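I'd like to ask some things about the structure below.
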Amino acid sequence: MNPAAADDKESLTPRARAILYWMDLAGVAVFASSGALAAMQAGLDLFGVLVLAAITAIGGGTLRDLLLGRHPIFWMTDTRYIKVIGLTALLTALAASRWSQALASGHVALVLADTLGLALFALCGAEIAEEAGKPRLVVVLLGTITASGGGVLRDLLTGQVPLLLRRDIYASAAIGGIAAYLLLRALGLPRQIAFFSGMLVVAALRLASLQLGWQLPAPQLQ
Amino acid sequence: MNPAAADDKESLTPRARAILYWMDLAGVAVFASSGALAAMQAGLDLFGVLVLAAITAIGGGTLRDLLLGRHPIFWMTDTRYIKVIGLTALLTALAASRWSQALASGHVALVLADTLGLALFALCGAEIAEEAGKPRLVVVLLGTITASGGGVLRDLLTGQVPLLLRRDIYASAAIGGIAAYLLLRALGLPRQIAFFSGMLVVAALRLASLQLGWQLPAPQLQ
Amino acid sequence: MNPAAADDKESLTPRARAILYWMDLAGVAVFASSGALAAMQAGLDLFGVLVLAAITAIGGGTLRDLLLGRHPIFWMTDTRYIKVIGLTALLTALAASRWSQALASGHVALVLADTLGLALFALCGAEIAEEAGKPRLVVVLLGTITASGGGVLRDLLTGQVPLLLRRDIYASAAIGGIAAYLLLRALGLPRQIAFFSGMLVVAALRLASLQLGWQLPAPQLQ
């Protein structure tokens, strides 16, 4: 993506990039599906379902690109993102209006897919900020925004105080994974290994928190 | 606006551009008025009335310019937009606090003006995205964002789940008109004719849906 | 910040810039603290407290930079902003969960600090827009957005209709101070004197309105 990256011996191999691209589209599909379901729960019409799906799926990456001044924004040149979102949203609306019982029992699959999306978006966003030469603290922030910005916008548009600000180890799992990535890079590990280790840390933190009921403390006003 | 467009034999004539410019200001005035009324309904003070008017009127175009990385943003060089908004918002507040009965009976005029604004903003936004060389799908998206983004921001700021995500053929009318424009262009029609035909399609879809009570389906969770 | 400014005989002296920089960090700290308190009131968790603190403190300046196409955005190169926010948010959460009684009695200090932040952000934002060569009306708008955008985003994220759209002389005080600055500049006063006079006007308007209970009128629908 960043031309400078092509010259970087340390950058991801073409094969790793190709894998990431397809995982990226998979992540977009999962997030689009979550947006479509949220739209149905809020009673939106078909247009609202499509908008929520898009905003959930590419809102975080769009915020990242805007903040970095990185144009064209990723979905403006590769329209596959938009096509995947449209298709997923329609399929989700169709499936959920018929078999939401079955979907609920497929809950585990959805959670796993969402966790994959979270891990991938966090590390991709962090890497893009890193390639743009940003300081580490900013790399962590932009990775977290990439991973969780779409969900925040989804909740805002459906009139909710964003879930991930209220409870759950979600964005914090992204922060943990990006921090692990930066640490491994600082220790001299190849980017590729650090990248996938970072993803693993995000996923592990997220799934462990769900399994064990971890929560961040909510500081109380005395 | 886009320098490249000046060389484009296909581009709109200066006369058409001048007409569009004045229609644009008229559209801004109508949307500003709708924002001011929404602010009064939400009990905002005079500053809130001005802010809502501005965000409703130029929020969509601002989002479009930000997403395209198109600087300076249109209202930053031509301050006529801001002046029109300020004046319209004050006049609306004055009129609505005296004769809202009369305004309600002028409802038909407001709806027609809003429809004109919707049609114009959709096609103008689409044309700007087209001149920036974006793929067709992105042209449709950016035209729709230009036309409806301001209304979404207005609803968010007054604590509503955006109306156009819930019901009504509104953004969908914009999509229909832009699609018609692109189709006519692909069939080889001059840009000018395609442009005004597209506007006509938006207006026709919008007014027909109001008259006939068309709604998009709202997919239900089973 | 703007390289052009260095050549400008009229620009602020290095000493004034240094003072402004430290006042800027102080303003960021105060706004971060207000965001953290709002997050606690809304029952957010520790991550939400940090996010709200950051958005309140640097949301306005970020909006300004995005609208101006001014990259890198100010907090992306100087990470001191983020560090100050993180530290202030944690200290606020700690203090407020222990001594919110005492904090409430420290209310006057908080109001004074918030007023300083408002005045400073308004004038700094206006100056940045001026250096970017924008028309005066846009200078006023961007200064006001810098000063009040973060508070609007904070209220949106906690599910409130933004306070400053509803009542209070807040953004209006910013507008008044920026207008005074532009007037003094037009009368030929040195930038430095106009700048600090503008800040004084903001602070005076804000504190007088609090003391005397001034409100903007809220136009009523008849």
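Which chain is which? They are A, B and C, in the order written, and residues in each are numbered from 1.
We take it that contacts are C-beta pairs under 8 Å (C-beta built on N, C-alpha and C of every residue); 3 or more make two chains touch, one makes a residue touch a chain.
Here's who's who by UniProt: A, B, C = Glycine transporter domain-containing protein.
Treat the numbers as computed from the prediction; the structure is a model and nothing was measured.
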{"item": "Rotation in the CA alignment of chain A with chain B, degrees, nearest 5", "value": "120"}
{"item": "Classification of the chain A:chain C interface as same or different, half of numbers criterion", "value": "different"}
{"item": "Whole-Å gap between the CA centroids of chain A and chain C", "value": "31"}
{"item": "For chain C, residues that touch 2 or more chains besides their own", "value": "66, 69, 156, 159"}
{"item": "Complex contact set, residues of chain B against chain C", "value": "37, 39-49, 51-52, 62, 66, 69, 71-73, 75-77, 79, 82-83, 93-94, 96-101, 156-159"}
{"item": "Complex contact set, residues of chain B against chain A", "value": "66-69, 134-135, 137-138, 141, 152, 156, 159-162, 164-168, 171-172, 215-222"}
